[in-house]
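You will see chain A twice below: alongside chain B first, and alongside chain C after that.
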Partner chain A sequence: MNRARIGLLLLLAALLLLPLGLSDFWLFIAIEVLAFALYAISFNLLMGYGGMLSFGHAAFFGVGAYTGALLAKKAGVTSIWAFVLVMPGAMAVAALIAVVIGFFSVRRSGIYFAMLTFAFQMLLYTVALKAIGLTGGDDGMTGLRPPGLLAAPSNYYYFALAWVLPSVYALYRLVNSPFGLTLRALRNNPLRVQYVGVNVRSHQLITFVVAGAFAGLAGALFAFSSGNVFPGWLNWTASATPIVMAVLGGVQSFLGPALGAAVYVVLEVTISGSTEYWPLFMGLIIMVLVLVMPRGLVGLLERGRR
Partner chain B sequence: MIAPGATSADVLAVDSVAKRFGGVQALGGVTLQVRRGEFHAIIGPNGAGKSTFFNTLTGLILPDTGQIVFEGRSLTGLPPHERVRLGMGRTFQITRVFPDLTLLENVQVALLAHDRASLFPWRSASRHRPADARGLLERVGLTVSEHLPASTLAHGDRKRLELAITLAGEPTLLLLDEPTAGMAAQERLESIRMVHRVASDLGLSCLFTEHDMAVVFSVASRISVLVQGKLLITGQPEEVRASEQVQRVYLGEAVIEQGVNG
Partner chain C sequence: MSELFDLFSQHLAWMTNPVVLARQTLAGISNGMLLFLISAGLTLIFGVLRVLNFAHGALFMIGAFIAWTIGTWAGGSSIGFFAALAVAALVLAILGSIIEITLLRRIYRAPHEFQLLLTFALVFIAGDVVKLIWGREDQSTPMPELLSGSTEAMGLVFPTYRLFLIAVGLLVAAGLWWLLHRTRWGILIRAATNDRDMLGALGTDTRRLFTTVFALGVALAGLGGALAAPIVSVGPGLHVQVIIDAFVVVVIGGMGSVLGALVASLLVGIVNAWGVLALPGWSVVLTFACMAVVLIVRPWGLFGSQE
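Here is the complex of A and B:
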């Protein structure tokens, strides 16, 4: 067994045993890490593997969160079994929205692609803000709780883990599959990929939809641990979060963005617990990152091992 | 479907293709056939419309009028990737490979596309026909480690790799845009002879644009001369070399002499 495999098994064991050693407060943080790890990996499928820098990935996280909240509040999901279906429901709605946004956005590349995703996200943000009857407008939707036994933090942690682990594994298979190899080739040279006989636009659209669906799942999972959903989750500033997480961890490794998400969330909690200047620290962290370690924390770890 | 002046022995039949960009007539009705198995060169001074012509064949530019028939099938309205699937493989003047991918992966991307497997989401891509990918690398004479990223290759080897990528699609027609661009003079002849050998081994037809007359006359079985968007002449190398019209407009005696001796 090689070192990477041992490391993964240790990580898995740690994830399974985590609730035994954590207070409820840190359990909620752990759930947040799981959700944002999936979110950041889904984003990196677009940016790191596909070379598609989206400024609107928060749209799908937010749509997933609102879908979860609406299903719970308006459709009256009270049993655990119905609640289990909320997650694929959130994925499906996020995927559907991604089909529409992606259909138009993949027609352009680079900054124009980014601008289109940004514009669509602002559209959705306005809907969340103004459709007060449905979304509660500026006040958001509050008092979200998973039903029954799942309301206990450790149980909800395992529930989230049961969604995140298979999702991350599926994404891992995807990036190493023929689809993923073609996607990496496409990041290098879209024209050449077209001239080996690949329909580039549909390849990009599928990538966009898959990334959107998993971001939606992450959003729904997080909604029920935070207990609230706010329109700010759909605001364009929210789309910076997965970008920073991915860059912080390292976009060139599959699990880099997950590591970035963990560090980001824990830093945010500890720093904003002792000072109100969290954005200042975040700014400093990003500067150091880009200037000193462009390959992120994973790059730093790899350099340390050599 | 057979265009006027074409026969079923033609792989590609181009009929009166015209293209205008604003006030410039880039192509003024080009009619040309590529016969099965031939090595057909398109030459012409800079700005003659060679690139535009190439891009209309491969679907990057839509012609205003005229039609292109490949293996008896009209290409009108077909996007580039579908033309490739029919058997039109191309390389680019500025070499295009996938620098972050290994040599083997570069070819596997093309094999996957050829096998309509590019969308498979689960099984490992590295297991897709590695032996065939290796065989293609050998065929074009790439002997460096297959696990190196393509970014480490020298220019000439990149050209070889791009040819391997193109061959992976099992084309019947090779379209090569300036296949020796950016190479040193002696490297050019070596390179085009390799392409010629591979194409004849596989029984492929080939249409290529080229600046270097020595290269053109060393391998071309027929030559078309494009001047200001119009075909001046299509013929055997001796015909083209002897044509006063060609000499006057384009070549000049010295260049032709060089071609004969080179």
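Here is the complex of A and C:
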């Protein structure tokens, strides 16, 4: 067994044993970290592997969260078995929205792609804000609770873990499959890949939809631990979150974004607990990140090891 | 069914009323001119620096707050208003130069996500700094005496300030055309938009060009903010809708094209103004529909060049 494997097994053991040593407050934060880790990894599928800089990934996180909330509140999901189906439901709706947004967005690349995804996210934000009958408008949807036994934080933690771990593994398999290798080739030279006979746009669209679906799952998982969904989750500041997490962790490694998500969530909890000017600190952190440590935390660790 | 029909006829009745139609179109054109001031700067900066400036809306907002401060202090006098326009443009030009020299200059060769993140960080910082300096409340700026009231034209009565905005927009458009086509600086800007590496290889000091273009673009945003101050509520949330509309405009008009920015600004302005009456609360959907159509028909924008 090599060191990476031992590290992974230790991480897995830690994730399984975590609820034993945490207070409810930190358990909720652990659930948040799980959801955002999946969110950041799904985003990095687009940016790190596909070279598609989406500035509207929060759209799918938000759509997943709203779908989960609507299924629970309007469709009246009360049993655990029905609740299990809420998650694939959220993924399906997020994927469907991703098909539409992706259809338009993959027509452009680079900065244009970023602007398009951003614009569509803002469109969905408007919908969340204005379709008051459905979404509750500015007040959002509150009082969400997972049913039955899952309402206990430690049980919901395991429920979330049971969704996040297989999802992360599936994404890992995907990026190392022939599909994933083609995707990386696409990032480096789309023209050449096209000459080989790959349909670039449909390849990108599929990637976009897969990333959107997993972001939707992350959103739905997080909705039931925070207990609320707000239109702000779809707002434009939210679109920076997965980028910051991915860059903070390190986009060149598969699990880097997950590390970034963990550090980001804990930083946000600690800083916004003591000042209302969290955005200011966030801006300064991003600035340091971009100018001083562009390879992220994983880059720092690698440099430290050498 | 008849209820639905009533709803529609209620919302669409204005279409048959020439007075309402004319007033709303004029409001749309004047809003479009404000949008042009912002998106012209955005598109110029993108054309030369290849950086999408997310902070453009925030800088517009700072311009509006400067105009509010001076306007309130001068109590709505016309001299105070024109001074506010000049000060806002000047302060923003200086701020823009500082941002370009200390921050942007370091990341021109970095991947897109770093450029986006850096200008995004500026949005966060500017948003909180504005709250620290000017507070969290929405403020209203006094209308300058000279431009308040209404003017009669073509048998219709229009708010004078709206006509003034259109005049300023046309003036700036003409000025930019003159600048880009009749001055050495403008020729260098157009050359840099085409191929900045070649321009540098031919011996032009591109560093100075980048700084001045960024300062110019940001000054236009500041001027736009100051001009908007009397007709919007000036608050820390002002920048959001502005930057989104500006993005839609540059996508429709084509990145890097000032003419495209002008045409698309007017289009978005008018569509928004009509949409407010036709689909109250949902007019933004119409501008996105315009954008979607343009993307299908001409993905590089109306006046953009194909990559």
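Everything that follows uses one rule, which is that the second predicted complex is superposed on the first by the 306 of 306 C-alpha atoms of A that agree within 3 Å, B and C clash if a C-alpha of one lies under 4 Å from a C-alpha of the other, contacts with A are read in each partner's own complex, and residues count from 1 in each chain.
What we mean here is this: a contact is a pair of C-beta atoms (placed from the backbone, for glycine too) under 8 Å apart; a residue touches a chain by one contact, two chains touch by 3 or more.
The shown structure was predicted, so the numbers you read here are calculated from the model rather than taken from an experiment.
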Give one word, clash or fit, describing how chain B and chain C relate on chain A after superposing. fit
Touching A:206, do we find chain B (first), chain C (second), both, or neither? first
First (chain B), second (chain C), both or neither touched by A:84: neither
Broader residue contact with chain A after superposition on the shared chain, chain B or chain C: C
Looking at A:152, would you say it contacts chain B, chain C, both, or neither? Reply first, second, both or neither. neither
Please indicate which partner A:269 is in contact with in the superposed arrangement: first for chain B, second for chain C, both, or neither. neither
For A:286, decide between first (touching chain B), second (touching chain C), both and neither. second
In the superposed arrangement, which partner chain does A:192 touch: chain B (first), chain C (second), both, or neither? first
Once the shared chain is lined up, is A:178 touching chain B (first), chain C (second), both, or neither of them? first
Once both structures sit on top of one another, what is the angle chain B-chain A-chain C taken between CA centres, to the nearest 10 degrees? 80
Smallest Cα to Cα distance in angstrom from chain B to chain C after superposition equals 13
So in the complex, which bits of chain A are touching chain B? 173-174, 176-182, 184-185, 187-189, 191-200, 203, 206
Contact residues on chain B for chain A in the complex? 58, 79-82, 84-85, 89-90, 92, 96-101, 105-106, 108-110, 112-114, 117-126, 128, 162, 165-166, 168-169
Spell out the part of chain A that touches chain C in their complex, as residue ranges. 47, 53, 55, 104, 107-108, 110-112, 114-116, 118-120, 122-123, 126, 130, 235-237, 240, 243-244, 247, 251, 277, 279-280, 282-284, 286-287, 289-291, 294
In their shared complex, at which residues does chain C touch chain A? 46, 50, 52, 103, 106-107, 110, 112-114, 116-118, 120-125, 127-129, 131-132, 240, 243-244, 247-248, 250-251, 255, 281-282, 284-285, 288, 291-292, 295-296, 299
